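After this come two complexes, each holding chain A, first together with chain B and then together with chain C.
Right, the complex of A and B next:
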């Protein structure tokens, strides 16, 4: 499914927000990773860790404070020609978390889905436009008659399908799905995930899948990045990350997920983290996890760790873990 | 063990502009002393309305149309609002989903805890109330209880706020604690802390818990018994091991199959097709019939009775009915 062609390269990306007098919120701080063509890259972390900001910066909803994002070799935050910018926004699409807030309640499904088609001039006639919309609705499992209804007439799962149809309408290569299933019920979540997987196979899509539900991320992703307070803590193939987590935060996060198996759940020992995430405003120069880390040392409080490749393809930012050969 | 809370044939109707929504349709369950019962279901299945009916906190357009709620032999549904107020917060108390909205932003944490104590313990002086409130803050594991006492909710994080909500709910050592999705708005690491806290406190003050959730992992973590709701009805109840290892109802089976397992590599997730029924016009037969992979003619026409599978375990499904199993056996013979 995946070949090793890099479609998205994020290098030392920073996105800071000014929040009042001399206060900076470093929502994304020095994050680097690559996404290969045809894969699903999962991004997990707790609320406030900057995963959504990262997604929004990649798709240019926010500008970058520093660093760069290269999509197929093009730096997306540089000044682009109109045609380049247009092409970029066609190839990169986004699916949002809340299917109730992300669809305009005054527009019919037909017009919501066709917005991208119109903006990019993909349909030559009104008839062709209508046909494209109907085809898209069928692809995502809705029917032709749904095109003339308004969003409020649909359930959450159906609305998310409309959001997916809208993203697909311009034939993108790369889709950022920002918590696409967290607002949905369990039995509906599986429907949407299966749909996303089917579409990926049919259309060779690349996904950046942002979520806080680790078991779902593991299920859908080829590789997973774990974020904590604006920086990437660990990055590895999904299997490797879940079987052999190296960063203490990943270990705690994995052990905190309640498993749907009472015997296992009530007998296993878990690492329960003390306290909660510190405020991301004016963070000191240190490992951001050191205030909650059960293994923190003096070094962790003084210096932020670098990402090292602990095992082939398994990157981790922790002072306790050395790159092999050092 | 003695029955602490008994809900029998509870029917709740919500009157709306478009008609009557039969949100809860004949739900019966009981809660024993010291146990934790989890009510599981999707949004719209009636789980929140059920416990709101128990608490007497139904919205103004909601009415208990039929059924009874007994707390230690007293019928709560027949009590006046004034009498109910004495029970609420003292004998039964509730934790809500969102700690942001269930605390008063203009009152300090301490004052909010004292408010409940004052309501139910009029014998205490102001100093004693304060002392007790601080003790309560310490009990739920917040650091610096004296400082926390005079802080406002916005100065606390989500997990800390939920601890305050728990402190308020437990201030009068209630017999029953109802927790409506207490961890849904929290991150996983905080969720683990809150679940541990609830289990710890249950041991300390000897209360019974009803927890409402849609997260089956949380159920496996905390519950002794589970009730699964679908379309306003209880479709399966049993001990937590009955439910996870001897699953009987097709809806529960589907629910369990549609969550990805961390320790297994499965390619395709099972998904239940379709959407839940509209309770404005509930189906005549089994509410799950339209989405069930094993639907038979009888499912669409008649609501199945409960089949008692063991002392603790029962489910409402025609497949489990003794007659259906005979048919199955006959079918098998035919094929041979």
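Right, the complex of A and C next:
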């Protein structure tokens, strides 16, 4: 599916929040990566590491403090003309985490799904609008009769599918899925993931898939980025990352995945990290992982590491890893 | 030990799950209005309140028209008459028919209350919504304005207004509306602050929905419960304020009647002719209690999540 055309380019993106006097929370700090057309880019990291902020900054819910996001060559945070901005919001869509909070409880499913159709004037008549909604509902496995229901009459999985139908209503090329399955039952997770995969094949979608469930990310992603405290720690193809993790944080993270085989599970060796994640407010200039890293050196406490390409397509930000040829 | 029972394999039949049936919702499909009405009907107190209010409002509109007396005609031959067939609620110190005066007074009290509620809705909701949506400096300035308004006692504003405006309905409406919307603005602001970062509002932004649509389709409908209940409480409190102003003598002037004026007149002769106080007092109590109960019932009925 993946041809090597870059659809989304994130360059040194920063998003800081001011919290009180002289205190900045660097939610996203100097993050760079590219997403190729047609692929699924997984983004993992523990709670509070800035995954969702990154997603929301890319889709312009938040402005950028620094750096840039280019979608198909267009810098999304620059001042855009109304038509350009409109076109961007049609091509980039988002699926939200909480299926209970992401649907307006006072609107019927018909109007929820048609929101994008209305905002972009995609339907010429009320009849056409209704037909489009019914088609979308069928795409996500719901029926015509559901269009006149209120969201609270649906189960979590059904609601999440309504959210997907809403995102699809404007025919996007790129969808940011912000933990779309973490609020669902395991049995329903598979249903939603399979739906997302099917839609990707049918409509040539590109996903930025934010999650903290590592096995699910391994299953769905072509490439994976690991975030820690607002910066990207490691970035590689899904297979490479899970077979050959280079960053100490990724190693610890992967060693925490439980194995389904009880014998293997017992003999599994875990890298247990000492301490807890430091507060992201007013971080010193250093490798953010140095306080918990089992291999930290003096250099790590003084200087933030740069991303280097350790192997072709495998990027890592750690002082211990040198780019080949250096 | 439980007895072991053999169930032969052939008794098992494969269940057929209809694909359409799987996602089926059994509940009948209703429009929002039908649904709200159904739930309001289940609340007995609210229905009774609604009925009483309808009767009072009809009487306020048609009572004075169908009475053979007017509220200002005096009849010095029949002062302080008790309730009788000729004068249902009796007559006052000038022989004016109390029945006509009470409904005229109710009419004026309700007029003031409804005007106050609309101003509340209009200014309060807009102010609160704008303040919450823009946030930052705009919000800070708007909140200071509210605090200043809250700081000035309402009575002083009314007395000052009386010096520049003639005593009458509109002066009272203006006086009520200078500070009356503050509560509504604060409630709406709080609600919208809570709503504006909810995922469904973010989803609307991502879809490219404009600010106007977000306010009208997402924020206001989800604030309706708060708005309705507050408007329903504004009405009795406006009636009460008007009654209070008339009672202390800075409200409506004779021969105009409002419920407050009538209560004031009745109170002065309470020991000899208690009926002059009791009838307007009963009407004002009914109006206030019924609006409160109905407001409560409406809030529940308007919320689609509340249905069983």
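What we mean here is this: the second predicted complex is superposed on the first by the 326 of 326 C-alpha atoms of A that agree within 3 Å, B and C clash if a C-alpha of one lies under 4 Å from a C-alpha of the other, contacts with A are read in each partner's own complex, and residues count from 1 in each chain.
Keep this in mind: contacts are C-beta pairs under 8 Å (C-beta built on N, C-alpha and C of every residue); 3 or more make two chains touch, one makes a residue touch a chain.
Keep in mind that what you see is a predicted model, and the values were worked out from it rather than measured.
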{"item": "Partner chain in contact with A:261 - chain B first, chain C second, else both or neither", "value": "first"}
{"item": "Partner chain in contact with A:162 - chain B first, chain C second, else both or neither", "value": "neither"}
{"item": "Chain B versus chain C as contact partner of A:102, first or second or both or neither", "value": "second"}
{"item": "Touching partner for A:188 - first (chain B), second (chain C), both, neither", "value": "first"}
{"item": "Partner chain(s) touched by A:216 [first = chain B, second = chain C, both, neither]", "value": "first"}
{"item": "Partner chain(s) touched by A:115 [first = chain B, second = chain C, both, neither]", "value": "second"}
{"item": "Shared chain A contacts, counted only where both chain B and chain C touch the same residue", "value": "158"}
{"item": "Residues of chain B touching chain A in the complex", "value": "42-43, 157-160, 187-193, 195-196, 214-221, 223, 240-241, 244, 254-256, 258-262, 265-266, 268-273, 275"}
{"item": "Sites on chain C touched by chain A in the complex", "value": "20, 23-25, 27, 29, 198-200, 202-210, 213, 217-218, 221-222, 224, 304-305"}
{"item": "Complex contact set, residues of chain A against chain C", "value": "56, 59, 61, 85-86, 89-90, 92-94, 96-98, 101-107, 111, 115-116, 118-120, 141-143, 145-146, 148-150, 152-154, 158, 163, 166, 169-170"}
{"item": "In the complex with chain B, residue positions of chain A that touch it", "value": "46-47, 155, 157-158, 185-191, 193-194, 197, 212, 214-216, 218-219, 239, 242, 252-266, 270, 272-273, 276-277"}
